[in-house]
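The structure is given below, and queries will be raised subsequently.
Order as written gives the chain letters A, B, C, D and E; numbering starts at 1 within each chain.
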Amino acid sequence: MMIARVVGNLVATRKNVKLEGSKLLLVQPLGLDGTDRGATVLAIDSVDAGVGDRVLLVQDGKAAQQALGKGTAAVDAAVVGVIDAVETVP
Amino acid sequence: MMIARVVGNLVATRKNVKLEGSKLLLVQPLGLDGTDRGATVLAIDSVDAGVGDRVLLVQDGKAAQQALGKGTAAVDAAVVGVIDAVETVP
Amino acid sequence: MMIARVVGNLVATRKNVKLEGSKLLLVQPLGLDGTDRGATVLAIDSVDAGVGDRVLLVQDGKAAQQALGKGTAAVDAAVVGVIDAVETVP
Amino acid sequence: MMIARVVGNLVATRKNVKLEGSKLLLVQPLGLDGTDRGATVLAIDSVDAGVGDRVLLVQDGKAAQQALGKGTAAVDAAVVGVIDAVETVP
Amino acid sequence: MMIARVVGNLVATRKNVKLEGSKLLLVQPLGLDGTDRGATVLAIDSVDAGVGDRVLLVQDGKAAQQALGKGTAAVDAAVVGVIDAVETVP
């Protein structure tokens, strides 16, 4: 899993029936110092996250399907938590 | 998932029986600003997308199989939506 | 699998029900010489590892689910061992 | 999936029983302009491809297993088609 | 799959029960010319490989589990063959 920030939403009227009813979030993976790390990713929301939230991003088909509670979803990434704090030891 | 643009088609007469009847699209992943991001990828179409469409690309074997509705397909990527809009917060 | 060091913990009160009860570790993959290799990753703990431990990191949804003993967990990485020694031949 | 060219074969007498009877191809992923893209990969053949063929490469454990028609094969990549043409729109 | 060389072993007394009884090898992926390619990886042995052997490395959770003959193993990489020869066409 990675730390990411929700930066937007995606609208797709015509989509696979296996995605219907799912909210698609645009998320930016972050480094520990909060700076952007790599490219943005599209992920299914499973915790009612919103733009600006710092979230827990899972990137694996089987895991993302479990996050949605649908073994048949056509997804490869999901937001599975909203992060309160990251505690590191210096 | 990633944002991508359909840039072509692939023709393969001799292919695995698990791929027969599937349309193969050549897609170019895109950055948020619409510029190319990384190399082109081949993906199975599941939403009748065409060249020029901006699409939602899933890259995972299990997810791509679900997109086709065939748990037995020999695929690792699929086009699962046609994107209407990407809404970002500045 | 990779060698990594536990460098912190993550707190997320609001998370997917498929993650509840799991301890989330922040781990830094390491090179053979013990230096950092790439970015930090979040992983579920399955061996009661703590900050400072050098651990065995698995990065695959199906494998991480098995590490937790829950085929339905929404995870893509897990700490599955605490490393005693790495023996290399020069 | 990716476009690749078959550049050789691999001989391994001592191998896992889950690989027996399979032909192992050495393939070079290609860019759209036909130049090499990244490192060579080893893939199981499922379409009787030969050296010099331009092929369709799938890289995912579940998909490669389906290509072989064996859900129990210990493989993560397979050649699933021989490419006739790639049609791109300029 | 990739070509790799076994360069060491890993000792981990405290590990997940799903890994018990498994030998963990440290392997270095190789390019076609035999030079190192990328970082070392930890893989489960399934063919009794030893340090110095040139091996066939599979990197996928489902494939590695099949290599071990245990669908429940918490692994994402396995050594599945010892390479005799790589035949390339110049």
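The definition used in the following text is that a contact is a pair of C-beta atoms (placed from the backbone, for glycine too) under 8 Å apart; a residue touches a chain by one contact, two chains touch by 3 or more.
Computed from a predicted model, the values in this text were never measured in an experiment.
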Seminar exercise, completed: Going from chain A to chain E via touching chains takes a minimum number of steps equal to 2
Problem set entry | Any chain in contact with chain C as well as chain E | none
Problem set entry | chain B-chain C separation of Cα centroids, rounded to whole Å | 31
Problem set entry | Gap in Å, rounded to a whole number, between the CA centres of chain C and chain A | 19
Seminar exercise, completed: Residue ranges of chain A touching at least 2 other chains are 60-62, 64
For this session: Output the circular ordering of the chains, read from chain A in the direction of chain B.
Result: A, B, D, E, C
Exercise. Tell me, which parts of chain A touch chain C in their complex?
Worked result: 1-3, 31-32, 37, 46-47, 56, 58-64, 66-67, 69, 78, 80-89
Problem set entry | Interfacial residue positions of chain C with respect to chain A in the complex | 7-16, 18-19, 24, 26, 39-43, 51-52, 60-62, 64-65, 72-77
